[in-house]
Structures are given as structure tokens and as C-alpha cells.
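The following pair of complexes shares a single chain, chain A, combined with chain B in the former and chain C in the latter.
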Partner chain A sequence: MKSVIPREVESLWTLFTAPTVWALHFIVCYATVAIFCARGLASDISFDTIRLALAIFTLLALAIIVLSAYLAWRQWGFGSGDPPHDAPTRKDRRYFQGFATLLLSGLSFVAVAYMAIPLMFIAECQP
Partner chain B sequence: MNEELGNFSPQERAAQEERLRKVWETPKGIRYWTSVNNSQIGLWYGVTAFAFMLFAGLLALLMRLQLAVPENDLISADLFNQAFTLHGTVMMFLFAVPIFEAIAIFLLPSMLGARELPFPRLSAFGFWSFLIGGIFVCGSIFFNAAPNAGWFMYPPLATDEEYSGIGADIWLLGLSFIEVASIAAAVEIIVGIMKCRAPGMRINLMPMFAWYLLIVAGMILFAFPPLIAGDILFEMERMFDWPFFDAERGGDPLLWQHLFWIFGHPEVYIIFLPAIALMAMIVPTFSQRPIVGYSWIVLAAVGTGFLSFGLWVHHMFATGLPQISLAFFSAASEAVAIPTAVQIFVFIATMLAGRVIFSVPMLFGAGGLIIFVIGGLTGVMVALVPFDWQAHDTYFVVAHLHYVLIGGMLFPVVAGIYYYFPFFTGKKLSDFWGKVAFWLMFSGFNIAFFPMHFSGLRGMPRRVFTYPEGIGWDWFNLLSTVGAFIFAAGVATLVIDILRPKHRPHERNLNPWNSGTLEWTNDPQESWGMRSVPIITSRYPLWDQPDLRRNIEEGRYYLPDAKSGERETLVTSVLDAEPIQCLRVGGLSYVTIIAAIALGGVFIALTFHWWIMTIGFAIITFIAIIVWLWTGTAPIPEAPEIDVGLGLKLPIYVSGPASVGWWAMFITMVGDGTAFASLIFGYFFYWTIHEDFTAAVPGPGAFWPIMALVFFVVAWGLTLLAREFNNKGAAGARMALVAAFTVTVAASVAGLAGPYLHGMDPTANVYPATVWILAIWTVAHAAVGAIMQLYCLARSFAGKMTAEYDQDIRNVALYWHFMAVTAVVTFGVIGLFPMVSA
Partner chain C sequence: MDDDRLTGPCCRPIRSKRSLGQQGIKGSCCRSVRPIASALFLCPLLVSCSGIQSALDPAGREAAHVATLFFTMLIGGAVIWLAVVGLLFYAARKRRVHSEKGAGQLILWGGAIFPTVVLAALLAYAVWLMPNIRPWFQEEAGSVRRIEVTGEQFWWRVRYLRQDGTVAFETANEVRIPVGERVIFSLRSPDVIHSFWIPVLGGKMDMIPGRDNQLTLMAEKSGTYRGVCAEFCGSSHALMAFTVLAMEPQDFEAWMAARQGASGAEDVEGLALFLKQGCDGCHAISGTDARGTIGPDLTAFGERGSVGAGTLENVEDHIARFIRDPGAIKPEARMPHFSMLPDAEIDRIAAYLKGLR
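After this line comes the complex of A and B, so read on.
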């Protein structure tokens, strides 16, 4: 396990991991269908192929978000110490970061899942 | 942190106070305006923004009078167009965003326990830019020259010179100027929140307001630059006929809509989040308990900040984009309701858990939330594509956006005014008149805007200056007009309450609401902010840290003195707020005012195509900025370290990522990079919409762009070398700087040679225009980079930059990292992409 899971870093930036994954997923989905529908790139690729590719990409994005959630949970000491995390200690600061990051991972997971709904139901470009 | 607190005799304390007062003194008479202190700048900023709001409100009343009855001829169609364009523009750009920059500049230092934000002169520059740009834009209506194409300036209407006249230029140039001010404020706020908190104020103890403002400033950095890029394209079309939005020559008006709304939608949240931030300060105070769900608020702020960038196309549902694209944005628009609702539930939970005191600020806060929730619900409705197609461009949308903005922004701001008035002045506003103002505003607002849902559903389009009788809109409009005047009466009550003379309270009470946060230790009579910079151990230090106020006032914490005669504040680490530097900030200055006036002159002269004057003002701006940097930044201190009290010695001068200047450069360049990315987006946008995006026009070739690319990379390498050599001695660094400058010039020439030698005519088609704009963007940045190299050279010769004191070259090297990326992307794309694509 140790080789796969990144070690713990102390930084403000980790808070933004999951929303950043959402943003990248969003841009890729939007740009792919926009370019496909506008340019009809290489006509041997069908819209269904695009949907399938984006569906796989969505699963990948969700997996990364779950990983970030796991890291956040770890930063929160695997759920030890309930909020409000308001003591003036490094431990509470880390728990706060972990808990907030975990919440953001949840929101990002839902937001990415929302993006998958159009992929499921819309089967052509339909300008 | 268990440091022994300082202990001074009353005589020592008086002497300290004398010195502090002298250093932080606000000058009298005309020199008052040279002040850069955050309390003056914040106050001027706020008053100016509020005045612009009242002006835009009068325009709204004018429109409501015109629409009160069918077939009215009170004002002409053209004046009506100018009125609604200016109303929207002023409310968004001159009130909603600046008022928060004002509040942030005013409150943040006190909330964070700092004496001052890290770049006070930058704040002053931002304010003066805002004032000049704002007066220019507002004043145009008195010359019948105001912008008249709607606050989002859609081409081709707004590019039609005959229709839009000079108004569109005033909009574009005036607002670009103000956008510069906003980005300046964003830099100030981010660095301030990350680096200038009181010792011990770890990020889990930061006031909610700071969390929100940190996110909002980050959003400004990614939202405003696309609009600046759009403004550049737009102005090039209007001024030089480069066809970016002209469909006949390959342009596309939709690109403007994309760039505008990539800015415009996050903008709504840039306005909304700080208002909620005020609520997050007010609700705990009047519930007399800490906020419930601190982390949930952080989730909501960050989550909203991100998701708000995935919503822009919901303003473009009716433009014929593919269904699936629309559905993506619809999904994101629904998702953003989640974090928004979380914030509201947090407030409700806090109120339920505490004992609510229903004061005037709470009244405005709660009333605002009710209005906002209604606006949010209609927002969920219009986020659905089929519904939006029905409601698009009708009064339903007018109702929706006013419910969101007035409920989500104006009411909380008024709540904030009532709440923080004693903080500004030491006096409270009237409870009685506050309640009168609230009920007038609340009822007036609903009477004015609720009927608009129905007139909209009955088909009344936005922006019409009149309408025929008897098609079912008459009564709704009359009602709206009556409501608008009731609402205005409420605003007038508020203004009178603020302006009327008030008695000073008998007892000095700095914390009349019994709030828990640090800003309430400040004495409005003194301009030093914190008497001494405290050690913080709680989210609500005034509730949890006994004796805090007394210890601050007795100077028992850090920086109780100003022996050096300089304005000093503490810099602390990002996560745990451990003190790392004693930062000296700039004091009174004319140079910021001169720089702002001259830059304003550049934009105004450009509007009227007075080229010589433009160049003259540009030169003055340039000189002013160089003087500002040369005299005001990175001075070599008299000693490496200074005693900040409690037995702690801290460095005065730091460079690289530890310094606030490095961060300011980094943050500015992130914004700059976003503008550049928007231009690159434009290049590829045109590629997607055309079969042959070059329109068979010859491109810049591959040779010159590749030469430029290589030269720029070499110039970057030489600049980094100069930074390294500088550690060992001046001679090597100076040689490397000269070489870097020479190569930069060569690279710039090569960069322009491609499009020039291939005879690319930017007015012929959008393709050459796009190539030229990218090349010019990059070369303009290279010019700035070259000036920086010369600046470092001069600093080195002047002995102001040495091996030990190397802030200048380290910041310039950081600029050049971004410069290198810009050059590689630009010349890689314009040189190689046409070949790849063919």
C-alpha cells in the first residue's frame, strides 16, 4: 500500500485537490464534445465512442476523488477527533484541513456524477 | 506559544504610543489625500462605491417611471438604453465588486491582527484608478454618450459604430481600468490573508470572513482576466477594424459571449460570497455562540468558488450550442445549489443553537436570506434548458437576478453597515430608523420585483422602453414602479441615518454588540490598527481569551513600539501563523495618485483616439511606476534583524517565496496567465468553427516563430543565470543581465517578423488578426521583461541589489518563468499548429 498512497504533505493546496479534479473533468468533457460536434473530427469515430471514452474518464475522475477523500480521511486521523477542530494546536489544524478536504471531496464526487447524467441520456449532438 | 508577555510602565507605554501615533499619523489638509492607510483607503473606496450605487439606483427609478404606464414618452428610447446599460454596469462593476474590496481593505487587517495589509500603496493606486474610471464611465450619460448596448455589450450591436457611438469605447476602456484595480485588490487580499495573520491564528482559527475573501480574491484572479482579454479583442475591433467578432471575415460574436460570461458568472459569486461572509460574522454575534459547522462553511466557500466557473453557458442556452454542452452546464448549475444551501443551513443551525437577538443587522440579514432563497429557487428553474428557453430575455430573468443580487448582496451589505458602523465611527446607527429602513426596503423590493415574474411569464421582454396597452402587463408594471419608489424611500432613510449628526456615546465601548472576533479591539480614534499584535488561540478571541483587549492596549504583545520610525507589521507562516518576518510597508505617497491619474489619462485619451496624449500619459505612468518601485520597494534595511518584542528577533528583509513581493508577483502572473489562456482559447475557438481556420491566408510560417521561441527560452535561461551569479557577486550577474536583455530584444524582433514578413493583414480576416494579437501580447510582455532586466541592472549598479539583498532579481526571475511559458505556447501554436492541423 505504502508505495501507491502518497505520503502526507502539509500544505494549503491539498484542500483544492478534489475540486480541481472536478474542474479538469468538466473542461475535458466540455471541450471534447464541443470539438467533436463542431468539427466532426475523423468521421469514423461515432458519438457513442466519445460517450464511452468520457464515461471511462468520468470513472477515472471519480476514482481520483475517492483517493483524495481517503487522504483527507487520513489527515483527519481516520475520523479521530470530532469537529469543531478549534484548538490552537497543529493537530486540530490538520484535522480541520482533513475534514474540510473530505467534505470537498464529497461535493466534487457529486458534481462529477452530475456531469455523467447528460452523457447517459443524450445520444447525439443535436445543435 | 507560552511567551512571557511584555510589561511596560505607564511612562514607557505613553512614549510607545507617541511614536506609534507619529508613524501611523494621518496627515491634515490637502495631504490627507496622500494617505495610504487601510482605514482611509477602505473608507474612501466604500463611500465612492456607495455613491455610485445611489447614482445607478436613480437611473433605475428613471426607468421605472418610464415603464409605469404603457406607451409612456417620459424619456426617449435611446436615453432608456443608456440608462439600463449604465444601471447594470455601475451596479456590477462600480458597486458590487468594489464595495467588497473596500470592506476587505478596511476590515481585514483588524480581523487578522495586522497593522496594515502588505501593499498599502497598491490599495491606494487601486482606489484612485477606480475613482477616475468610475467617474469617466458614469459621467458619460450627461453628454448623451453613455454605453447603450446592455451591460454585457454583445456584438454585433456593440461593435456597430453608428449605433453605439463612443459609449462602447467608454465601457471597454473605463472598465478595463477598473478591472486592473480589482486585480490589484485581489493580490493585496490573498497575500494579506495568507501571510499577515496574527501569530497563532492558524488556518483553523481564521475568521470566516477571511476564508471567504481568500476564495473570492482567487476567483477574481481567474474570472476578470478573460474579460480583459475579451476587452482587448473588442477594442481592437472597434479601434482598428480587426474582425474578431465580425462573421463576414471569419469572426464570431459568440466568442465575446463566452469570454464575457466566463467572467460574468463567477462574478455573481464574487459578489455573493463576501456578502455571505458578512453574515457569517454577524450571525454568531447575534446568536452569542460560535458558528455551527465552520468546516462546512469552508466547504461551501471553496465548492461554490470552483463550481461557479462551470456555469457560464447557462447564460447562452439560446445560442444554438449542442444539446449535450448545454446539459453539462445545466448539471453544474444544479450542483452549485448544494454548497449554496449548505451556507444557509449553517446560519439557520447557528441561530437555532444560540439565543438570537433580533437587532437591525439581523433583520437585514434574515430578510436578505429570504429574498435570496426565492432568487435561488428561480435560479434552479432557469438552469433547466427547456424552462430557460421560455423565460430567456424576459422580465422573469430580471426578477430572478434582482432577487439574487439584492437578497444575496445588497441586504447583507446594509446589515454589514449597521453592524460595523460603530467599528468605523464609535457610534451606532439608530435602531428605530433602521427598522423603518428595513421594512420599507423589504416590502418595496418585493412589491417591485415579485410582479416581474408574472410580467415575464406573460412575455414581457427585457430592455423594452415601452409597451402597448392591454396585453396584460399594465398593472404589473405600475405595481413594480410603486414598489421601486418604496424601496428607494428605504434606501433614503438609510442614507439620512448615516449622514445625520450623532452624539458620541458617554461610555467608550469598542465592542457594543459583544462580538467575539478580533477587529472589535480596534479604537477608531487611533490609526495604528492594533496597539500591539496579539497571540491568538481561538476563533472568537474576545470571547475565549480573557484579558486579550487589555494586553493588546497595554502593548504587551508583539510590535508595541515604532522605534525605527517605519510602518511595521508581522508576516507569519501560511498554515500555523508562526512569525517569520517584520514587514515594513509604504507610507504616505503622491506617486500612487500620479500613477493612477496618468494611467487613467492613457485610457481616456485612447477612448477619443488622441494618440499623442495617450503616449504622453503612458510615459508619465511609466516614470511614476518606476519611481514608485525604485524608492518604495525592497529597501536595504539598517540591520538584518529587528526586535519585535517578547524576546523575538525577526528578519526585516526576505526574498524569494518567503517574501510577500514574490507572492504578489506570482499571483499577478497567474491572473495574467489566465488572460493569455483566454486568447489561446480564442485561437482554438476559431479553429473549431471553421473548416479551414486560416481561410487560405498565409500564416507566419514556422521559421520565425521557432526562432522567437528559442531566443525567448535562451533569454529566460540567462535571466535565471543572472539570479544564480548574483549570489556570488555583481559582475557575473550584470553580464548575464546585459546578455539576457540583448537576446530578449532579438526574440521580440523574431516574434513580430513571422506575421510581418508574411504580409499578414489583420483587418482581412480573423486568422491573421488572432496571430497578430498573440504575437503582440507576447512581445509586450517581453518588453516588460526587458525593462525588468534593465531595472535589476540599475539596482545592482546603484548598490540596491546585492548578493544578500536580492529580492529584485528573484521576482524578475519568477516573472520570466511565466514569460517563457507564454512565449513557448504562443510561438509553438502560431508556428506549428497550422501544419499539424493541415
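After this line comes the complex of A and C, so read on.
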């Protein structure tokens, strides 16, 4: 199957992609709201603007995680074999890594989505 | 205020003779173990559902939301627990063999998707409820009543503020608030971190040195409740409680007026002894020359619900015991012992303090 993204990217690095996106999303959300409230910027920018900006950022983070999950799925052979993939072969190693990356992507997706829930409900800055 | 609403029966002062007597009775009748064991198991469950210090028996709006959240989580958790235990029994007794694929599906749906959805729903519910549990009110032209509470080792300094922010008067270990009116507490600490918690009225908030934390509460039912320190602050942390009186608005206003005119100068002889022994170095009593600020303000002390911040019932005998050796009742209390004074003088000062209105 021909693909836009070459199979060479499927390395150990793809394993880290989704958790890294989650960590970045986490720190950006926390830091943005904290600086917004601590600096008293409410008079210049409305809270809803911040909310919208972070919502777009959240969708972007989720999109990257979905992409990472797709690559992992491909590396796993689109689910052609069942885990645990523990044979000492190159193919099984690749499948195992792909499956692990897919699970991590799922976890990161849920974590980013949970992080976004307070963004929907937070009312305003409180001293 | 000589009743034991503040200190008993379930919250009997640890060091009172009555509490020691009760323990003795309990210890001697352990013949039939099973009823006692089940009673011991049920007792905390039942006792904790009501009373002067129970978050499950709310008397304020915020506490009602906390209780709702608790019961929602409790019922949700119980249903899931029953389902898991049911599944466990089924797995232990089943005759039928399930396919590996079916087991995998169960793990996927029951172990991953179901918890994810349930946790998302609970998180959303809890976050949605948050503004109700900890409401914030922009101060509208200073119209909200303010009370400043300072956590000291190991007692509470309570200052009622006027609209302009100046102190109307100070008291200690007792907070009185009007029913149906929102009150903002300014929470401070000069020494270590304490935490201000009135379970029947709302959630707790820490008192952090160098910070002025704001907590708003609103009582909806009049009554006498108990507040506690909810952050370990030293040896007598557990002996640091306070009385909360939610009063009808007109009674509250009457008390405010009376309290501002209170004087400790009526008992001339008692006051003279109080001053002669140097009590005024730390304690203040309005209407007298006693203006110390290190220890609790003792104005109208006779009306207070307890001696030593919720440690002992407020009776003359206990006041005398406390004066004689505070450290024996509250370890590491800053007040020095006065056991060198003649008993007659200690008793006279105790009588004077109990008589303060």
C-alpha cells in the first residue's frame, strides 16, 4: 500500500508522540488560564476568547493523536494478528510496538478529552 | 451554653472525666462480642449521618451540594461494585465455557470503554457542580458581611469587620452568623497552615501564612454547629475546634449590638485579680484595661461553648483546670501554667471569667 507518510517514521519515536501531545496540551491549558487569571487580563480579552482558543488547540491535539493512532494501526498491520506478539521475530517486534503505540494513543486521546472538560465548565477567574 | 452540643455526646472532649468514664464502661462489658462488634461497625455509619459536625447533615447551601455530590458518587460506586462482585461470583461458579473472543470483548467494553464513559460523566458532573460548592461573589459595594478568622496554634481569632473594613470587635473560638445571609470569611494564619472547616455549612479552606483566602458560606438553618481545624498544625491540632452559631437575623443583630457594648468591669474584685496576676499581658476584655493580643480575647467568655477551643465544656471547674496547667489539657499551648497561684485565686479568676457576659 502506497502512503503519503513513509513507513520509516514508524520507530520508537512514534511511541512517544501521543503522550507528548497530551503533556503539551496539559501544560498549555494550565499555563494559559493561570497567566490569564494571575495577570488580570480579563479586561482586555474575554474568558470566552481563551476558551475558544484552547478548544481549537484541543481539537488540534486530538487530531495529531488520531493521526498517531492511524500510523500505529498501520504498524500493527491493521489488526491482522492478535496480541501478544511475543515471538522473537522482526515482524512480531514491529506488531508489538504498533499495538503499544495504538493503546498509548487511545489513553492520550481520553486524557486530552478529560482535560478539556473543565474548560467547558470553568466560570471565571477567582482570586 | 453549658450544654454538650459542641462537645458531645459523640464528640465528647477527649480529656473530660465523663469521656474517661464512658470508655471504662465500654471496656467492662464485652461478653457478647458479636452484637457489640456489629454495633461498633454500624455506630460510626449512623452517627456520621447527622449531628453538629456532619457534612451529610447539611445546614447550608454549599454543604447541601457537597452532600449531593457525595451521595451521587456513593450510589454510583455501589452499583458498579455490586456489578463487579456479581460478575466475580458468576465467574467463580459458571459452568458454561466462553470463547476467548467474548472474553476479550468483555474486557474491552467493561474494562476500558465503560469506565472511560462513566468517569467522563462523573468528571463533568463534579466540575459542573463546582461553582455551587464554592461560589464566588464579587463584593457589591461592600454589602456582604465580612468576618476575619485567623488560625493560631491552637485556637481561632475571630474579628467582625465593619463595612469599611475596620474591626468592629474581636472574639475567639466562636463564630456567629445570621441565617439566610451570605458571609465572606477572610482566612489568615500567622504561624503554620491551618484549615477552616464547618462541615455542616460547606467545604474547607486552608489558612496559609502570608495569604488572605476568601471563603463564602450561607447558613440556611439556625442552630449550633461545630467547626474544626482540618490541616495538621501541631500537637494540639485535634483540640482546635470552634462553635458555630447560626442565628436568626434579628437575634444576630441584637447580639452584635450587645457584644459591642459588653464590659468585663462589673465584677470589680475578679477583674482586679485578673489584672494583678498579669492575665492582661495576653488577653483582652472589652471595657477594661486588659488589652493583650497574644491570646484569645475573653470578652463575654461565659457565653462561649467551650474552654480551650472546643476541648472542655465551659464550666468553672474546667476553666480553673485550664489556668492551672494549660499544657496538660492542650499540649504545646503557648499559655504558661499558673499552678503557683493559690487555688482560691485560680477559682476566683475562673468564676470571674465564667461570669463574663
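As a convention for this text, the second predicted complex is superposed on the first by the 115 of 127 C-alpha atoms of A that agree within 3 Å, B and C clash if a C-alpha of one lies under 4 Å from a C-alpha of the other, contacts with A are read in each partner's own complex, and residues count from 1 in each chain.
Following the convention adopted for this analysis, a contact is a pair of C-beta atoms (placed from the backbone, for glycine too) under 8 Å apart; a residue touches a chain by one contact, two chains touch by 3 or more.
All of these numbers come straight from a predicted model, not from anything done at the bench.
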item	value
Which superposed partner A:F26 touches (first chain B, second chain C, both, neither)	first
First, second, both or neither for A:H85, with chain B first and chain C second	first
Partner chain in contact with A:Q97 - chain B first, chain C second, else both or neither	first
Contacts of A:W73 with chain B and chain C, given as first, second, both or neither	neither
Chain B versus chain C as contact partner of A:V110, first or second or both or neither	both
First (chain B), second (chain C), both or neither touched by A:P118	both
Residues of chain A touched, compared between chain B and chain C (which is higher)	B
Where chain A meets both chain C and chain B, residue numbers	110, 114, 117-118, 121-122, 124, 126-127
Contacting residues of chain A [partner chain B, same complex]	10-12, 15-16, 19-20, 22-23, 26, 29-30, 33-35, 37-39, 83-86, 88, 90, 92-93, 95-97, 99-100, 103-104, 107-108, 110-111, 114-115, 117-119, 121-122, 124-127
Of chain B, residues touching chain A in the complex	1, 194, 200, 202-205, 290, 293-296, 298-299, 302-303, 305-307, 309-310, 320-325, 327-328, 330-332, 334-335, 338-339, 536-539, 574-576, 688-689
Chain A - residues contacting chain C, complex	106, 110, 113-114, 117-118, 120-124, 126-127
Interface residues, chain C side, partner chain A - complex	112, 116, 119-120, 123-124, 127-128, 130-131, 134, 136, 214
